[in-house]
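What follows is a structure written as structure tokens; I'll ask about it next.
Chain IDs A, B, C and D follow the sequence of writing; residue 1 opens each chain.
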């Protein structure tokens, strides 16, 4: 029930609010933006409260640590919506999805806050709300059809966010974003349908229910299993995104409005990793084990190559976007270790990056907003004018380059420890990539907020014709909360770590270890 | 089997009957006037009503529209009754049968026509008493007067054609006799040729009509010839008779195969399969949008009904693959690819939608060909037919929808360029949003009904084929799997390709507006209809309404295959 | 700062901070349990200062009473200092909680940080493993903790005088103090951490603060560049350190000291090769942090930061982290106590790196004219001494020579202590000089500031003769320099002797390969004598070389007090602590059987003196006296010949200082212009071209490669996508050409289609 | 009585001529005539089959098919007329307003 509300309420409210301007009496139409955004924020905060409560019940009635793998909490009674093909409304959460749900419920209100005064706010904020519902839907769905529906549904609000509120080249970016990810996920759809086919011997037996779907691998021949795994990988890897199917991301990010980028990087990319773990790994452990080298390759390529490309960027947002590609590589590496620690590290990476990357994009967005440019080097010494912005940039950049006591480090070190256990000296490549990461982050800071050669003011971009101000209160509030959480989860990761670790152990014990044994892969 | 029509038969054919009556009324009533006939040798003038100066009510150009609407609504009610309360035996003579399948299709056709009729209200002139052009008018005023006149006087013709089209289609859906089927098809086709060429004053109208007519006639001539071959082969043209002959055939008779093949050409033209589709973009772009919408939905559905009858009922062997399955598979792939590719760079929205409708025909043909592969169990066959019927049904929403939007814009004369849609979002956000929903639905994006229908079709293909491969590596699986499986891949990749132009169409609405006004281009009724169609596109995509419609489609499929 | 007396009322907030420890003690809290306060206090102060500063900048209370956060920082550091002293005292008293059961250590765990399971190669799952956070206290910890807390406190005090009087820092000091206390937190945490992971975590926090503080004057290109360089160079080391941690974790399944040190060989099953690599990786990390060859390039540039930062981070505390880490390697190699044999190459490598760096840094220091740069190279050189000592110690331990190892280990740690005190003080003194010269220059050019930017207040060529203007500073600097040089009886002498002697002992008695480090440290001793004297003479002796000097005078009490305190510690601490057996005390965790004290105090004094000047071994006697001769006589005399000179007539300074200045004028003067134009000098001035080649390597490999990668991504990977797109459009245009518009073509296609249906049907069914 | 297969053969020939004619002739009217030929070929088949099977419905089909053909011609001529009135030609190749 709770989860149904979490996913459906924001969609319904968002859609209604978008119709609001057509319903409101004339007199109120001037305040429509204010009304809308207050309602949106209220709903988003309510969702945050609900999901926080759901997460916090791990302390009392629901023991998130003791959900058997494949068991779900907060489950509803499945309600058939398309009985002809066995689709039902079935939601639930486990230790894999709960942190993601909470993350979504957190990032969305923060992104609303950061773009509190967006243009055409009476459409903007409801769109974010719809987005939130769709994303939570992805995480709570226990029916693969519904999962896929929500999965694709997230594209639509994001498409509009980019198309209507984006930068100069927004049309191209919106198209590319939509088509690229859509293509990948329809490929994935074939895989899902093959799984569906194998859930029962006759049409009436078949169902899209997650549990049946995840067992379907047993019915398939080995080649088909691998093929389906591969099809799923295409869909999920594109969303993550992994090299070489990542090029939609920089374009989308650069053009997207700040809130869009925050959500895109913060939550949408995680959907890829989530889906991979939830569907591909869980349903096809043996294929995952067999294709571990591929995962390592993809992870390494994303990580190292992404970092190099970052260094070659001159656009701040583009650089940050590529850094997301780079960091997402660690998730594949973590999974490929086939160690509970590595998988838990990957999960925590999803979560940590979900907090850090919105901060990065909020900062980049603030540059765009206040200085009208994102070119690294076109402005110097910005710390003079915008000390808060510079501070947040420092915090975010440092968090992203894996500085300890911030959330990203926990994930990084966990993945690397596990990586060494499994792959030994190969660990040098990801480890040295951390240096590269530091190089581009530091260089970009040096060339934006530092170095003006004047103790009292910075070199402003040529295109800026007014005295710049520091960030607005709402931007500041959003960034501060994100920064504080980054540090909080860096110092005290165990809120979510414990359940992630438990989940990883269970998935290893119940699926992967057996698969490794039967495939003859030694841990 | 009786050879006479009795009351029950009349009741079964109530929709058609209503339409016929309405047809007669529309022919007569607008011509009623104060003409009087002087009885010879007396000065007594008896009003004969036909001719003379028409009464204000009868000369109102909106009258035919209202009458058509009334007729179609009554027909829809009758047909819905038949659908919801199916008769125990729907046999009418030995040529027609009313069952779940034909009722559903009849409903579909009538719905399309209603939408078209409503949309046509936007073409009514504001001034019913517009003057006719006279000598000495300059060119400009003459053309404006002509335009006014065109709308003023020819409403009745237009609506008569619509009703004959409807009559032909709904009877065709009920035909269980191949010749009957063909006659009805011809009735519908001939009406549609005229409708396409209806705008005879413009260069485009005449040309579109000509092309559509010529190519269509050739196709149906080939079809009739094919049918005659079938007759030559079996001596019976009733579907059940042909089906029995086919099943009892030892090996494939070349005459029978040739007959089916040639009929495939005729029906292929109707559904818009490559390479018979070439005239379709021309026809759509030359005619008014609502007619194009009818062609893209109702006419296509009609083609599929014919294909079902021909391929699934007649030309299905008792076991093993049907001879046409490979052909159809190849055609389907070519069709969808051609359609999508060609739409990619088109700049005329109507052409884009024409190509898109070609592509959609390809998807459905792929599903149909999976049935013919001979590896589909009866349940799987039913599943696929259900998917195609469902797709045809929801297609009415999201294919007719954009044509209605275009039809609204057409009044402003800017529907031949994609840029005509510019700024629609700021002029009328609801219509723009609906248009966007239609685009996504056409592209097959969840949660819209286009996704569900496409998913069902792909699922059908996968269901038929996925169990066939078996090996330990991806490669050996890929080579051992039944080739039908690759149809699913083709559909999926084509969906991705189609995204390009659907999104482009959807996107331009959010661009800066052209100089065209600030107000909504639609009238309130049409606007409400468009929005509710968008909502239905969503509702049929997920949730209880889709369950209901799928149930209907399932029953229809069962009725067809029984 | 005329009425600076009143300034002390600002110290009122320190009183509650001072009260915290007594209150806790009375309340019965054990000192170790309160250890978290050491880390927590600055950690809380950090956001408080930063955010209040951002909000209240410019407000009088904030500016005058709270000194833009300085007082808050000082209070929090006082909490840390008092708690640290409390623990130290408890430890020395042998309080119940800090028992000597585990060789004088105590560990307390705070929280379980992350927990997880491990899949073993037999597909079984191990039970839950935990990486926690806690404290680990032994004598090495305590010494470093005391150094860190004490110096942090003093230097923060110093900063109140140094930073807040510089107008350029106005409204920016809160940033300084916030970063300062954050650094303090990192340092305290690193010292206290009870496992390698948290050591690393705090280690990185220090790196961050170092970066932030070097870049304090962020608008200066050089500062921003230097900050980046420091971060990146240490990051390279850190990455290897992290890899080392991964290997260690793999070996032991834990990173906690208490687990690992209990039995580092795990009953002799540990693969020594693997462990060697792990320790080597750790050592690379240490090299980066402690600015040793070849990752030393960042330290001189780091002097771009404000002087208190140089004093604290880049001389006294952070750079010691590497040493601390190497000191923590002892249990691994201590074959007497479950150590793993076969790791003696590690000791050799450490000693060689130390020797090379010591020599190299000292030689570069010869030609530096920037007072802070000289000190920076001196820091590098002295740290290298300690590394050499530690390397020798590791070597001894691994070869079972526990006694010798213990002595040199304690000596190295003791040198760390002496060096930290002396170098911290030297930097503060140099800061005092710079500060006053700068102010004098400002004063002189009050009206126009045309040559303001040309004047470098750090350049010793603008000084000279300052002894009379700044008596306290010059005296402090003298004592500091003496401690560094190793003038007998003063501070660093005691520890340096131990290192040099034991290195030679290892070389002569056991391992010929040790000759390299041995000769290098010996030579460096003399060089140290030269460059430290040179610095002092150039600054304080001789005629003033710039008009500015005339206007210099000492003013701020905030600056003087720390100098005085540290001078006393530097001067007397070495001898005093030696007498109390600090060397053995420091080595206590790794020596399990040495007695700590001789019977009586006097015996102890005699023993120490005898040990220093007249050791039993004749070789060591020679080495010892050579060292003394080189550093006390040769180096300073050469320096005096080049740079020495009497003060201007009538000007005097403190007693010893005046005599020294007078003495320096007595050796005549030598013109070194020719020498300074030699290619060697050139090379030295260019820091032996390390920076140049590193820069070249970066700009020739990394950057082009990055550009290439970006190009590749844009043109190839994204290009393929775009190509697919453009080819689709192309195909679209092509395929639309088929729709010619001619009806007869359409009919033709229908016919063709019909024919192909037949062909296909025939083909498929046939 | 002629063997029905001959009639059918004639139908094939007619159909072939008609089909070839439709795409070799550019004149709309001629094409229309060719279509009529094809329809008549079908009619011949119906007749042949009706003869062969002795099935009376074949004759009915023929009659109706002729009616269809008539309707088609009527409509075709009307459409061609409108083409002529707007474009001044009935050549199918000349009318190319609507190509891409």
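One rule holds in what follows: a residue touches a chain if its C-beta (ideal position, glycine included) is under 8 Å from a C-beta of that chain, and two chains touch if they have at least 3 such contacts.
The structure displayed is predicted, hence computed values, not measured ones.
A.B. asks: Out of curiosity, which chains are bumping into both chain B and chain C?
C.D. replies: A, D
A.B. asks: Quick check on this structure: which chain has its C-alpha centroid closest to the centroid of all protein C-alpha atoms?
C.D. replies: The chain sitting closest to the overall C-alpha centre is A.
A.B. asks: Which one of the chains is farthest from chain D, going by Cα centres?
C.D. replies: Looking at centroid distances, C is the chain farthest away.
A.B. asks: Roughly how far is chain A from chain C, centre to centre by C-alpha average, rounded to an integer in Å?
C.D. replies: Whole-Å distance between the two chain centres: 38.
A.B. asks: Measuring centre to centre with CA averages, how many angstrom lie between chain C and chain D?
C.D. replies: 98
A.B. asks: Indicate the whole-number Å distance between the mean C-alpha point of chain B and the mean C-alpha point of chain D.
C.D. replies: Chain B and chain D have C-alpha centres separated by 25 Å.
A.B. asks: So how far apart, in whole Å, are chain A and chain B when each is placed at the average of its C-alpha atoms?
C.D. replies: 43
A.B. asks: If I count partner chains per residue in chain B, which residues reach a count of at least 2?
C.D. replies: Residues 210-211, 214, 218, 222, 282, 346, 500.
A.B. asks: Mark out which residues of chain D touch at least two other chains, giving numbers and ranges.
C.D. replies: Touching at least two other chains: 19, 22, 31, 92, 95-100.
A.B. asks: Which two-chain combinations touch?
C.D. replies: Result for touching pairs of chains: A-B, A-C, B-C, B-D, C-D.
A.B. asks: For chain B, which residues are in contact with chain A within the complex?
C.D. replies: Residues in contact with chain A: 379-380, 383, 386, 429-430, 433, 440, 443-447, 451-452, 455-456, 458-459, 462-463, 466-467, 469-478, 488-489, 492-493, 495-496, 499-500, 503-504, 507, 510-511, 542-544, 546-547, 550-551, 554.
A.B. asks: Write out the stretch or stretches of chain D touching chain B in their complex.
C.D. replies: The contact residues of chain D facing chain B are 8, 11, 15, 18-19, 22, 28, 31-32, 35, 38-39, 41-46, 48-49, 52-53, 55, 57-58, 61, 64-65, 68, 71-72, 75-76, 78-80, 82-87, 92, 95-100.
A.B. asks: Residues of chain A touching chain B in their complex?
C.D. replies: Residues of chain A touching chain B: 18-19, 21-22, 80-85, 145, 148-153, 155-156, 159-160, 163-164, 171, 174-175, 178-179, 182-183, 186-187, 189-190, 193-194, 196-198, 202-203, 221-224, 226-227, 230.
A.B. asks: Under the touch definition given earlier, write down the residues of chain C that touch chain A in their complex.
C.D. replies: 50, 54, 111-121, 123, 125, 168, 197, 200-202, 204-205, 208, 211-212, 215, 217-221, 223-225, 227-228, 231-232, 235-236, 239-240, 242-243, 245-247, 249-250, 702-703, 705-713, 717-718, 721
A.B. asks: Contact residues on chain C for chain D in the complex?
C.D. replies: Touch residues, chain C against chain D: 736-737, 739-745, 747-748, 751.
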